[in-house]
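Structures follow.
Note that chain A is present in both complexes that follow, paired respectively with chain B and with chain C.
After this line comes the complex of A and B, so read on.
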């Protein structure tokens, strides 16, 4: 609850910054605020609190909130320039902070209304952010597409909630669990579960509800794309898993087979489409779709180890993504192009950028000793324990395709002729972010228990 | 005292690390002092061990190593009389050769790296003999192989030297595979590779156990590779490509005797398998005679010594095969003295003649290189088995046991011994007597500096008197050497139950016959090369059949090439060019192309039209609901 209060307060303060003219102080204030939020959230670890049956700050909520706060902290450091360049800085700060509130609600709800509220708080802010580069047609199109399709998906989510309410007579997760178990062969229950799943699948960009992702990711400002790929994705999966593990773990027969097919389709579409992409941004967008497929394996194979697998995967994936998007941001601003060719031969003049990008790509591809390896390993482990060997086999083949396109970037950096020897300027904040993300990626790859031990 | 012995290998290792890291930053003389100094410390410790070890067995555990399930291995060193003798040989002779190298390698640009490699070699060799399990021995075994490879190819800019290094490495791999399989079988049979466990359990087995026979034969394959026995001996003559101190240290005194050490260490296992013992003896004697016949006609001073080494190693295996374990180890020791001396003497000659190795272009060096000449003469007398030089005692002990084991071994042994005397004196006479046959104007033969001659003198003293530690009882001695090693081989001797000594009278008579035979050979050599001043014919002259076969080493290299190398090349070429390039790569590339093509198709799905996206969503939802509810 501390998290929600601090984040909301920060958001409101940000709105006043324009009026009371302390815009310059806002950025350090927000970093400080996030640090404070992290501290007070962490204090709630092992002290679960329930608020009116609406929110339940159990360890699951605390750990995922902390993960989201760390990612958001790194994201703010990475995205500072974005706020400086835009006119309506404070609005953007406020929007991001409010969307973080939505994200925290999404990981701590114990009531379907709160889930819906969380998703909408998060989504509406991000719709606006996606369109925040007002002079850019692509950005406008991106925001509009996201909004249009998002509303469409929200409709199904609400429909699902309605059906579930109709059968169980409750929004409360615990009573839904018992009621669903009692009425498990009811067609309305099945339809409700499926519609809820479709709504959440849209937010997590699982195929065939992923079509918005590549277009929106590409059109939005790179910093916003980063936010969508990291914080939004983490929150979406945390919510997905929280809902389904609490309410529908007893009726897996109704939904796991559908999700199984969605995972296979997502892995196929995400990885195979990325192969031909010339733009690194679009490549990362498809890769983000593909990673959603891997994470969803742990949801399909719901078991004791799924929670830690999802936590480890979303957190390490977010860190590597921030690394990759930061470098993309720096390079594309310098070269004026987001294509892979912009990265060619940059290794000699930019050793830090090249190394950080390589580590990020290796992690996303799942090569040891980076964190991405264990991320896939633990997800696959849940699947094998649940008997989904075929799914693991498919996922491994998909990962092979993944190696192809991630390595294209590494090859461009190291093995293509040098384009220019002028080092690309990297600001101190970006430098710090890259050093932190690279070290964390390697550290978690060597000592995965640093994350797994918490949950 | 004994626990400090565990430090013995780590001084050379420290030397290697210092020299390897600093390399060119160190002045040459400081590098040499470090390398030699480290070895001197090890030698001091080894001496301490040697003085205190009599009748004792100590295990010193350094660190745990591998612990997986029921499998465990640790870094533990074993100190007993057998390992202490090898420690003395390795550090003592090794130290002398290090000192000699200061002079020999003085002008080489890779001087410091040379010493680093030598130190590393000593480290691995010490690990090999100090190990208390087969697994740890294997670490040293592979390590010395690596150093041997690095040092044979030390002057890697010459392709032939590189080829020699690769040949040595590959030949050794074949042996190592056998050795490794043997170790694995040991694990399966005894659940451990620790000597203590293995030997204790083996002691309870009956003679003739099939598994033991398999294990010992596999281990012997490893010994054949490392100690250059038929059919894996061809690498050793080629290994002479390395600098001469390397030939002396690795390819005469120490590494090539690792096979002897290993078989001797496993004495109890071999004692349980009469079949393996017979194989060892037969391979040993055949190699001894075969290599000696090749050495008769070689003209390269180092090649003669190389074949001589193969031949002498054959004698050692003969000794092991007939159950004379301590006699073989005795011969390892005396051989280390006189063969190292011969190689270093040859190095001195090569050094003095600015790189000339062909004995046809030598002669009359007696006056120009007096110290080299005298020491070489003493070593030659020792290897020829003339009493009272060291080789006489060790070789005769082996031949004496061979006589008890079978007349044929003894007869062949004496024939080999005659040839040994002949080719060694041929070498001596051609190089040091007569008149100089090289180009006087180009090459000014000179004696080597003191740093090289002093090790020669010390080794000469050892070659002369080194045999007195093992004077047999039949000659009024007390066989101290055998008594020193008796505790190590006690169980093995007990298993064989033979060891019946021949009558003392006949033992002395046998010695008389071998010495007389050697003397006759020396006379023939003198008659031919000093009196008649015969010089081996130059290249290209047609030789009589037998001489030709010997000169061309029975075309063994050519036979191996035709039977093994070339067919393997063909198969490898087929697998590489056709199976891999066309078939496997074809599948890989096709799957890549397919993915790429599908990816191209996928782009048409991502149209950018929201209405299409929404349609896809709706179709997806409809399908899901339809299949789940209908």
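After this line comes the complex of A and C, so read on.
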């Protein structure tokens, strides 16, 4: 609860930073505030708190909130320079802080109304941010598309909540669990679960509800795309798993088959579409869709290890993504192009930048000793323990396709003739972000228990 | 929960049918029964007696939209005062302070809008 209060207060302060002219002091204040929020959240570890049956800050919520706060901290360091060029920087920071409130609500709800509120608080801010590059038509299209499709998906989610309420008479997760188990043969339960799943699959961009993702990711400013691929995805999957593991774990027969097919479709659509992309931004967008498929494997094969597998996957994926998007941001600003050709032959003049990009790509592809390898390993392990061997086989084939397109970027960096030997300027903040993310990616790859031990 | 099957939603289905049926019936029946007088004045758009001018689909200032959306925002928020006022005694001091903080956040938002110049009409 302290997390929510601190984040909301920070958001309100950010709104007024421009009016009262302390824009300069805002950025350190936000970093300090996020640090404070992290401290107060971590203090609640092993001290579960319940608020009026609406929110339950158990260890699951605490750990995912901490993960989201760390990612947000790195995000702010990455995005500072971009937003300082804007006229209304404080509005953007305020929107991000408010959407973080939504993300924390999404990982700690114990009532369906709070789930809905969390998703809306998160989404509405991101709709605006996607369109925040006002003079760019692509950005406008991106925001508009996200808004229309997002409200449609919210409609499905609400309809699902309505049907579940109709059959159980409660919004509370625990009583829904018992009531659903008691009425498991009712058609309304199946319809409600599937509608809820459609709503959440949209937010976490699982095929066939992924069509918005590539366009929105490509059109939005790169920093906002990073936010969508990291914080939003982590929160969406945390909410997805929290809802389905507490409410519908007893009636897996109703929904695992559908989700199984959605995972297979996502893995293939995401990976195969990414192969042909010229733009690195679009490639990362499709890769984000594909990664949603891998994470959803742990939801399909729900077991004791699923929680830690999802935590490990979302966190390491977010760290690697921040690294990749930061480099894309630096390179595209330098070269004026987001294509793979912009990366050609940059290894000679920029060895460190190339190394960081290589580590990020290897982690996304799932090659040891990076964190991405163990992320896939633990997800596949949950599937094998649940007897989903066929799914693992399909996912491994999809991962092989993934290696192909991630290596296209690495090959462009190291093995293509260099176009110019001018070193790309990297600001101190970007440099810090890249050092942190690269070290963390390698560290978590060598010592996965640093994350797994917590949950 | 004694009764919770799809059959219990029959009243809702009947309501939907009656509501839809009423619309369809009135539209068709009035079309058939009503007298038909066609003329330039009869078919013209009714605009409070003033002669209509041009097409309604023209671009208009975004400021109207902004003012309208802000009105809806504050209107909806103020409505929450009514249930609070009804239960004022029962909610006691806790409810009072919760409402004060709620109104405080709204006022902060209002102050922000004023300072941002969203309600200024004579700029640009």
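To be clear about the criterion, the second predicted complex is superposed on the first by the 455 of 455 C-alpha atoms of A that agree within 3 Å, B and C clash if a C-alpha of one lies under 4 Å from a C-alpha of the other, contacts with A are read in each partner's own complex, and residues count from 1 in each chain.
What we mean here is this: a residue touches a chain if its C-beta (ideal position, glycine included) is under 8 Å from a C-beta of that chain, and two chains touch if they have at least 3 such contacts.
In this text, all values refer to a predicted model and were calculated from it rather than measured experimentally.
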Between chain B and chain C, pick out the one touching the greater number of residues of chain A. B
Should A:80 be classified as contacting the first partner (chain B), the second (chain C), both, or neither? neither
Answer with first, second, both or neither: which of chain B and chain C does A:16 touch in the superposed model? second
Figure out whether A:233 sits in contact with chain B (first) or chain C (second), or with both, or with neither. neither
Considering only the touch criterion stated at the top, classify A:187 as touching first (chain B), second (chain C), both, or neither. both
I'd like to know which partner A:167 touches here: chain B for first, chain C for second, both or neither. second
Partner chain(s) touched by A:145 [first = chain B, second = chain C, both, neither]: first
Go through chain A and flag every residue that touches chain B in one model and chain C in the other. 187
In their shared complex, chain C is touched by residues of chain A numbered 12, 15-16, 19, 166-169, 179, 183, 186-188
Within their complex, chain C touches chain A through residues 1, 4-6, 9, 105, 108, 112, 115-116
Can you list the chain B residues touching chain A in their complex? 592, 595-596, 598-600, 602-603, 606, 608, 610, 612-614, 616-617, 619-621, 624-625, 627-629
Touching residues (chain side chain A, partner chain B) in the complex: 145, 148-149, 152-153, 156, 187, 190-191, 194-195, 198, 202, 208-209, 211-212, 214-215, 254, 258, 269, 272-276, 401, 404
